[in-house]
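You will see two complexes here that share subunit A, one where it goes with subunit B and one where it goes with subunit C.
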Partner chain A sequence: MGLSEQQIERYSRHIILEEVGGQGQEKLLESKVLIVGAGGLGAPAALYLGAAGIGTIGLIDADKVDLTNLQRQVIHHTADVGVEKVKSAENKINAINPDVTVKTYHQWAKADNIREIVREYDFVIDGTDNFAAKFLVNDACWFEKKAYSHAGILRFDGQLITVVPGQSTCYRCIFGSPPPVGSVPSCSQAGVLGVLAGVIGSLQATEAIKYLLGIGDLLTNTLLTYNALKMQFRRVNIKRNPDCKLCGSEPEITELIDEEQPVCDLEKD
Partner chain B sequence: MKIVVNGEEFESKDGLTISELLVEQEVKMPDMVSVELNGEILKRSVFETASLNEGDKVEFLYFMGGGQWD
Partner chain C sequence: MSELKEPILRIPETVKDDTFAYRDGVKKYLDGSTSEVAFRAYRVPMGIYEQRTVGKFMVRIRIGAGLAASGQLRRVAELSKKYGNGILHVTTRQDIQIHEVKIEDTPDVLESLLEVGLSPRGGGGNTVRNVTACPGTGVCMNEKFNISPYSIATAEYLLQDRSSFNLPRKYKIVFSGCAEDCAYASVADLGFFAHNENGENGFSVYAAGGLGSSPAVAVKIEDFVPAGEVLEVAEAIKRLFDKHGDRSNKHKARLRYVLKRIGIEEFVKLYQQERAVIKKEGLKGEIPEFRDVTAAYQKSGESGNGDVKVTVNVLPEKTEGLFGVRLNLDLGDISADSLAKAADIADEFGTGLIRTTQLQNLLITSVRGSDIEKIKSALSGIGIDVSAVDEPKVVACAGASTCKLGLCLSRGLAEAISEKLGEAQIRDKGREVVRISGCPNSCGHHFIADIGFEGKAKRIDGKLMPFYDVLVGAKTYEGQGKLAERIGSIPAKRIPDFVAEVFAKDVKAEQLGELVKSYDISCGEITDDYYYDYGASEAFSLAGRGPGECGAGVMDVMRVDIDEARRAIKTASRAADSGKKNQSLYNAVVASARALLVIYGLEPKKDREIFAAFTENLIEPGWVKASGQKVLEQAVDWRMGDTDSIEELAPEISELAERVEELFLSLDASLKFKAEPFAQKKESAGAESKSHLADLRGVGCPMNFVKAKLALEKIEVGEVLEVLVDDGEPVRNVPASFVAQGQEVLEIKNAGEHFSVRVLRKK
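Now for the complex of A and B:
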C-alpha cells in the first residue's frame, strides 16, 4: 500500500527504529487488534495502539461512562459521563489518529457472540474487569487460535501474561476456573490505584505491537507481576499445565461456556 | 529449612505443607491463590498433603480482576 508523506511524518519515530521501519509500520496499519473492555486496562491500550497506527481497533463494552471510572479510565473524560464507553473511546482514537478504523461492539462479551468477533482480529487484549469474562476471553482465543494478552490489577498490584494458544501457558493452566462465590474481595476492599491501569494496559499494548511485528521476546510462559508500593517487577516462569481443563492433554472444555461470576455482596459504593 | 516464597527466602519447619504455608504467610483469601511449586502448578486437592523440602521454590499467584467490580 505504501505510506503517504503525512504518514511517514506521523510515524517517523517508529520508522527510524530498525526493528519497525517503514515495512513494520505498514504492517501495523494493516493489523487488527480487539480490546475486550473499554475500561481501566483498555483505555491506555486503545490510546497507544491508536497512536501507533494499528489499522483496525475493535472495542467491546456494554457499559456507559460513570464518574467513578474517570480516576483510572483515561480515555474517558468528564463530559463523557453517561456516554457509551465504546463511543467515548472511539471518539478519542479518531481524534488522535484518523488512520485508524474503530469498530465498536456495544455489548457484553458472551459465549454466544465472542468467537465470531475474535475471529476477525490478529491479536486480542483482555481489558475485562471480572473473572467470568477473563476465562471467556482465554477460551475464545484458544478456540480461535488467536494470541492475546491477559492482565489484572488490584489495589497496588498488577500482572500480565501473553498467551499464544497451543504454544504457551494459558490463563486456565494457572487458575483453572473462577474463584468460588463469596471468596472475592468485597467492593469496598477492591480499590485500585488508578495509574496501575496505565502501567499494565500500556504493557499489554507493547505485547500486541511486538506480536504483530514479530520482534523481541513475548511474555509467554511468564507472568510479569508488578507492585507499585515496592516499585518492583517480578517474572514468574509458568509452564503449560498438562492437567489444564482447556489446553491440557485431556481437555474437559470443548466449547465456550459462560462461567458464573462471583459478585461482591455489598451495595455499589 | 530454607524455602523461597515469591522470590524471598524464609526459614520454616521441616515438612511444612502448602496449607500450613498459606497460613504462615498470612494469605487471607486462599481461594484467590494458585500455587506453583518448583515450576509446576499444584492441584488444590494436594495443598493439605504436599510437604515442602529444603530449597523449594513456591510462588503464590493471585487472581486479579480489572480493578473494579461494578
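Now for the complex of A and C:
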C-alpha cells in the first residue's frame, strides 16, 4: 500500500526501529484491535494504539462517562461526563490520528454478541472490570482463536497475561471459574490507584503491538504481577492446565456462557 | 598572554572548551574510530581545511577586526615554522593562514594559538566568520568613530553560542568606519557603516550582500541604530538566517537568497520581528563590553608632520604626527621570519599592534613621523620596500594550481600583470585594484574590482584556451554599492597588456568596452602560447577536473557546445542550400555529442572519438535514448559520403540536442545528472544494480534515515541501495544507523556538495 509522506513523518520513530521499519508500520496500519471496555485499562491502550497507527480499533462499552471515572480513565475528559464512553474515546482517537478507523459498540459484551465482534479483529484487549466479563472474553477468544491480553487491577496491584489460544495458558487454566460472590471487592469498594490503570493498560498495548508485528517475547505462559507500592514486578511461570475446562484435553465448556456475579455492579447504576 | 597589553578578541569559554576537545577528536580520527567524512565535518568549522595536497592542512586564524598584537604574530610565525611551511597568508577577510600543517600537529597549533588569545574556530564551514573592520579603525582620519570595539564585541558575543557554528551557510559581518567602505560592508551578509547623528554614535545597517556566484549588493535595513545595539542587530539577523536559510541547497543557502526568495519588505519585517523578540526577552548569554582595544595600544603624536612624504604606503593618521605604514605583500604572502621581524618592528616603532587588511597587506600604525625613515630601513631588512612607488594592487584567489575548483591559474596571471605594470611604471593613484578569480566562484572578489577578471575556458579552433571575462565599474561606497559589470572576454595571455593600457591611458569607463574588443579574440594573431595558461607546461585542459569538484566553470564549456548545437539546428532549418543544411545538421550532432564529455574528464578531438565517447558514456548507461546511436552512425555515414543526406534525421537530431540540454540543465553541483535515465537492457547479471537510488539531499535527520530505510526495504536482500545525503550530521548518522541495524555500508563517497552512501541489504 505504501506510506504517504505524512505517514512517513508521523511514524518515523517506528520506522527507524529495526524491529518495526516501514513494513512493520504498514502491518500495523492494516491491523485491527478490539478493546473490550473503554475504562481504566482501555483508555491508555486505546490512546497508544491509536497513536501507533493501528488501522482499526474496536471499542465495546455500554457505559457513559461518569465523574468518578476521570481519576484514571484518561481518554475521557471532564466535558465528556454523560457522553457514551465509546463515543468519547472515538473522538480522542480521531483527534490523535486520523489514520485510525474507530468502530464503536455501545453495548455490553455478552455471550450472544461477543463472538461475532471478536471475529473481525486480530487481537483483543481485555479492559473489563469484572470477572464475568473476563471469563467471557477469554472464552470468546478461545472459540474464535484470537490472541488477547488479559489484565486486572485493584488498589495498588495489577496483573496481566497474554493468551494465544491453543498455544499458551488461558485465563481459565489458571482461575477455572469466577470467585464466589462478595469474596473479592470491586474497584468502587476497594479503590484503585489511577496511574496503575495507565501502567497496566500500556503494557497491554505493548503486547498487542508485539503480537501484530511478530516481534519480541510475548507474555504467554507468564503472569506478570505488579505492585505499585513496592514498585515490584514479578513473573510467574504458568503451564497450560491439561484439565482446563475450556482448553484442556477434555473440555466441558463448548459454548459461551454469561457468568453471574458482576463485581463492580456497574449495571445497577 | 603576558605580551598582550589588552586581550584583543576575548576567546569565549565555549570556544576554549571546543579547542581542548579537538585533540581528542583528532585522536579518534587517527585511530580510526571516527570516519574521514565525519572528521571532515568536525574539522572544517574548527577552521582547518585540507589543502589540494592530500594530508596537508591549512589553519585559518581569525584576526578579529584585523587587529593583531605583535606577540600573537610572533607565535603565529613560530607555529608556521615549526609545523607548517614557513609562509603565512593574509586573506581578504583579515584572517591569517598557516599552511601545510600535518593533521596530527593541528591540536598543538590550536592550543598554542589559544595561549596568545587566537583561535581558528569558525574559520570555515557554515559559521559566523571573522567579523572584520576597516584596517584604519581607531587611527583613520576619515572614520566617524572607532568601530573596533563593536566589531570585536559582536564576534565575542556570537562566538560564545555554539549555534553560531551550525548556520545554513557562512555568515560574514563587516564594520566600516565611514561611507568609503574600505572594509566592504556593502557586499557583506551584514554590514555596518559608522555614523554620528546629533552627537550620538551609531550605524546604518545593510544586509544580504555577498560575492561568490550570483553576487549581490547588500540592502539597507536600518537607517540608524545606536552603536550599543549592534549585538541585537547581529543576533536578529543570525536568527532570521537560521530560520529561513535554505539548508537543503548549499548553493542557495546564503542570506542573499533568503532576501531574493521573500523580497525586501518581508525580509525587513522578519528582521524587525526578531529584533522585537530580542528587545523583549533580552540577549542570551554573556554580553561583552565594548572595549576600545586600540586605546591600550596608543601613543602620543608629535607636532607637525615634518617632511614625511605621504604615499600609498605611508598615510597620516588622525593624531597629528603619527603615520600608518603599509607592508605590501605579494598576494598576501609573507615568510614566517619576516612576519616575526615585522612584529618586532611594530613594537619598536609602532604600538605593538599590526593590522591585516582587506587587500591582503599588513599595516603598522601609529609610527611617529620622525621614525619613518628608521622603520623604512628596518622593513627593507625583511624585503619590504616602503619607498617603492607601487603599481596598483593585484588581488588573486589561489587559482587552479592549488585550488580544486579553479579553472585558470589566477596567481600566474596576477604575477604577469604586476610585472607588466612594473615595467610600464604604472603608479597606484589611490585604491585602484585589479582582482582575479580563477573561476566564477569569485574568491578573488572580482565583482568589486576596478578591473576584475573571471576565469573560464573557451574553445578556439577546437581547442580549449584559458580565457577571462572582464568586469569593470564596481563601486563599494555606502548606499551606492554596485557590482562590476561584464563587458567582454579576452584570452588570458592578452590581459597584462590590456590592464597596462587601461591604467596608462586612464581610459574612461565608457571606452573600456571598446578597448576590450581590441583585445578580444578577433584581433591580432593567436599564437600557440595562448593555449597554455601562465606557468603551465601543458596545453590548457579541463581533463581530470572530474566530478566531485565544483563545476561552475565546466558548465560554461558545456554551454558553448549546447548553444552551438542549437544554432546549427536553426541554421539547418533555414538553409536553402542542401549542402549547408546537411553540414549544419552534422555540426549539431558533433556539438551535442561533445557537450557533456567534459564531465567525464574527456576532451576527444576527432569526431569519431567524440561519437565513441558519447556512445560509451551517455548512450550505453541510458542517459540518451538508444536511438541516438542511429543518429551518430548516419551522421558518420554522411561524413564519409556513404549517404547523400541526413536531412530526414532533423527531428531526431533536434531531439538529441534537446536531451543533451535537458541533461545539462539537470546537472547538480557534483556534476551528476538529476534527469531520469532511460530504461536500459540489464547488464550481464551483475550482483549490484545501480538503479536503486534514494536522493535524500536536503532531508534532515532523522527523516533522511527513515526514508533511506524505507527505500532499502523496497529492494531485495543482496541488492545495493545508493543513498545521497548532505554533509554534516546526515552523513555522520545515516550510515551509522544502517550499520547499527545490521546492514552493510559498502562505501561512503564524498561527491562534492553531498555524500553518496552505498548500502548492501543484508536482511
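Keep in mind that, in the parts below, the second predicted complex is superposed on the first by the 257 of 269 C-alpha atoms of A that agree within 3 Å, B and C clash if a C-alpha of one lies under 4 Å from a C-alpha of the other, contacts with A are read in each partner's own complex, and residues count from 1 in each chain.
Everything below uses one rule, namely that a residue touches a chain if its C-beta (ideal position, glycine included) is under 8 Å from a C-beta of that chain, and two chains touch if they have at least 3 such contacts.
Just so it is clear, the structure is predicted and the values come from calculations on it, not from any experiment.
**Q** Have a look and say if subunit B or subunit C is in touch with more residues of subunit A.
**A** The partner that reaches more residues of subunit A in the superposed model: B.
**Q** Check the residue A:G248 against both partner chains and state whether it touches subunit B (first), subunit C (second), both, or neither.
**A** Touch partners of A:G248: none, neither subunit B nor subunit C.
**Q** Answer with first, second, both or neither: which of subunit B and subunit C does A:G39 touch in the superposed model?
**A** In the superposition, A:G39 contacts subunit B only.
**Q** Just checking: does A:G55 make contact with subunit B only, subunit C only, both, or neither of them? Give me first, second, both or neither.
**A** neither
**Q** Could you say whether A:R234 touches subunit B, subunit C, both of them, or neither, answering first, second, both or neither?
**A** first
**Q** After lining up the shared chain so the two structures overlap, which partner does A:I15 touch, if you call subunit B first and subunit C second: first, second, both or neither?
**A** second
**Q** Which subunit A residues contact subunit B in one complex and subunit C in the other?
**A** On subunit A, the subunit B and subunit C contacts do not overlap at all.
**Q** Where on subunit C is subunit A touching in the complex?
**A** 702-703, 705-707, 709-710, 713, 737, 740-742
**Q** Would you pull the subunit A residues touching subunit B in the complex into a rising list?
**A** So the residues of subunit A in touch with subunit B come to 37, 39-41, 66, 68-69, 72, 127-131, 134, 152-154, 157-159, 173-176, 179-180, 183-185, 187, 190-192, 196-197, 223, 234, 236-239, 241, 243, 263-264, 268.
**Q** Which residues of subunit B touch subunit A in their complex?
**A** Per the stated touch rule, the residues are 6-7, 29, 31-32, 34, 36, 39-41, 43-44, 59, 61-70.
**Q** Given the complex with subunit C, which residues does subunit A contribute to the contact?
**A** 3, 8-9, 12, 15-16, 18, 21-23
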